């Protein structure tokens, strides 16, 4: 029941609006009852579709204001689009290393619950930081002194928060490659949710809501480095160990898909 | 977070030292600096603590206050649970880089870290016990932290202080009674007992986790990195471990590089070893601090004590 | 020594970057456009409905490389006391730095504000009957928040936004709602579609370099625009809205020709 902030630069609706109460539906039901709703195996990631350059290249030569690189990434119902600008002049002119900045946003209609306000939320700021932390280790920032590289990510549709962040990481990584930014390796990310004593790959929203713990890992397979790890919720040490291993392996599989897409975009 | 500028020779000295298991201040790789703890020094808060990590008065200093508030339930919120809300702010006086908006990113990162550790069932706090009347009213615990000084290892000190503050928190007792309204329907009403002697501690606060931050330097890692070590840190990860040795949260911090997976697994194992010692140390320090604050022996000669004597 | 095809392409690319105005003029003075279209030719338009399942109505529209996504979220609010039988339609256009380097992050810039406002005036009340959004007079009504996010900006975003909003409104499935005990309950299994009063079809013409009137300008051409004319027709080919922007002068005869071209385009796309 958030109050919409009046903003003269936008068309404003009523001061207060709420989601209607939806009658007894799938809510409360166990999303795992009788296997996964979409028939996936426990370790199966949703189908990935990725395309680089939808925002920069096109039917004819790009205009001046087009992004240096871009990517569109789809994993099941998670849809993310990213544009990368740079390397361009940085804000700090004496920096020894380049700066990687990321801005993450949800489209107002991206989440299945309430409409998001236009005002940038705390969670969007946090995810922006997480994305910077996850992707920056892959970029050769020392090759871009005094410069900055900006990534703008918009979530067109979200289905599972951890999965959306993972998708954003994959999308940025591909957009950076499309922009021709020097990188050590592509970052591939994958998420999992805990179900009883078992880890379930790439949870959708309903599954994530029912899971007491989620794990997100971003990995550079060729360099063999975990660039980001996030565990939300409680798990035993054995479960965590297992999650790190399984998730890293899954990242390698996602990585293969990303690489294939990147190769296809060159042909 | 590298604010300190070190020469390549200094960087090399620290890195190679860590790889050989030696640190500039003589600690071992998994040793923490001295910690001092003080509790219940904010009389207006329901619970408070101040934690300082470092030698001889120089170190990271975090002040945490817990304020409980009764909130009316609104549609869409969980029906039978209370909530914990965290906020961390780095004081501009703590470091020069925090001036203006310089601390924004760090504030967001630390707030989310604290939220990740305390904001849900993983914290161990019995959120169900914070519900006063289902679908009507519940307690919200505002955990507000102020970082007063930064000399490396903010996250660990922050969680120490937050744990101590929540353990020292006392909630007013609430009396719930059923009253019939005009139509004869039974309605629940509650009353907050306004007696400072009649207060209850938080349920499940003993199960709160402690956080251990590992910094990868060279090919090895250390806990509780000093300011100099922070400046050469390649990757940093914070692991929260509960007294039952469950892992409550893992979050990687700002860094230039990533961890090799084998090192990460090793770190997760070390986390439990370190946390076990830390929890014992916390217990002793907290007991001492509570005893002090209860006897009032630690009261500094502030204006209020002077007024008291007059 | 003959230049290879690669060298020619490189020289052309350099020319385009260094003298963008002159580059466009060379084409326009030859009665053609830099992407090979004739002056009156529109780019291919693609409309896909129901692309987003988290919204009650949605669509994705591509005009050439310009891509916009429109999502409509339906929520419940208390109606305005002055109009107790009406709901709300709120339309916002979002032009973020993701779609073009010209836009800044943060609150909407001028062009986004202008587009939002114009679309709001076109649709609210005229296309959607706001009384149809009433759930219980004076107590509860639907508020339709239509957000049009530009994913890629390559000119003529306004046309794309209008087409996208129209398609999303057609796609909108409003759950049947009832008010009891102060709360609105909705049933996802029983949905209704809005009866749209008319079906708007837009066409934008741009005066480039103060001399050449072209249809459906792309980003490079828009940079040289001195005026533009938006013609919106309804399903019966009647004029719903004409909006001329910019200081450049467009002849009266040209305006009539533009309206004809807009009508021809609509019948050509079978709408």
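First chain written, first letter: the chains are A, B and C, and each begins at residue 1.
We adopt the following convention: contacts are C-beta pairs under 8 Å (C-beta built on N, C-alpha and C of every residue); 3 or more make two chains touch, one makes a residue touch a chain.
From a predicted model like this one, the values you see are computed outputs, not experimental measurements.
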item: Chain nearest the global centroid, as defined over all protein CA atoms shown; value: A
item: Identity of the chain that, by mean CA position, is farthest from chain B; value: C
item: Distance from the mean Cα position of chain B to that of chain A, given in whole angstrom; value: 28
item: Centroid distance [mean C-alpha coordinates] between chain C and chain B, Å; value: 50
item: Multi-chain contact sites of chain A, meaning residues that touch two or more partners; value: 18-19, 21, 114
item: Multi-chain contact sites of chain C, meaning residues that touch two or more partners; value: 183
item: Multi-partner residues of chain B (each touching 2 or more other chains); value: 75
item: In the complex, chain A residues that touch chain C; value: 7, 9-14, 16-23, 25, 54-55, 58-61, 63-67, 77, 79, 81-83, 85, 103, 105, 107-112, 114-115, 118, 150, 152-154, 156-159
item: List of chain C residues in touch with chain A within their complex; value: 13, 16-17, 20, 34-35, 52-55, 58, 64-65, 67, 69, 71-80, 88, 90-92, 94, 96-102, 105, 107-108, 113, 116-117, 120, 143, 145, 147, 149, 151-154, 175, 177, 183-188, 218-220, 223
item: Chain B to chain A touching residues, read off their complex; value: 74-76, 105, 108-109, 111-112, 116, 120-122, 235, 237, 242, 245-261, 264-265, 268-269, 272
item: Contacting residues of chain A [partner chain B, same complex]; value: 1, 18-19, 21, 114, 122, 125-126, 129, 132-134, 136-137, 141, 212-213, 215, 218-220, 223-237, 240-241, 244-245, 248
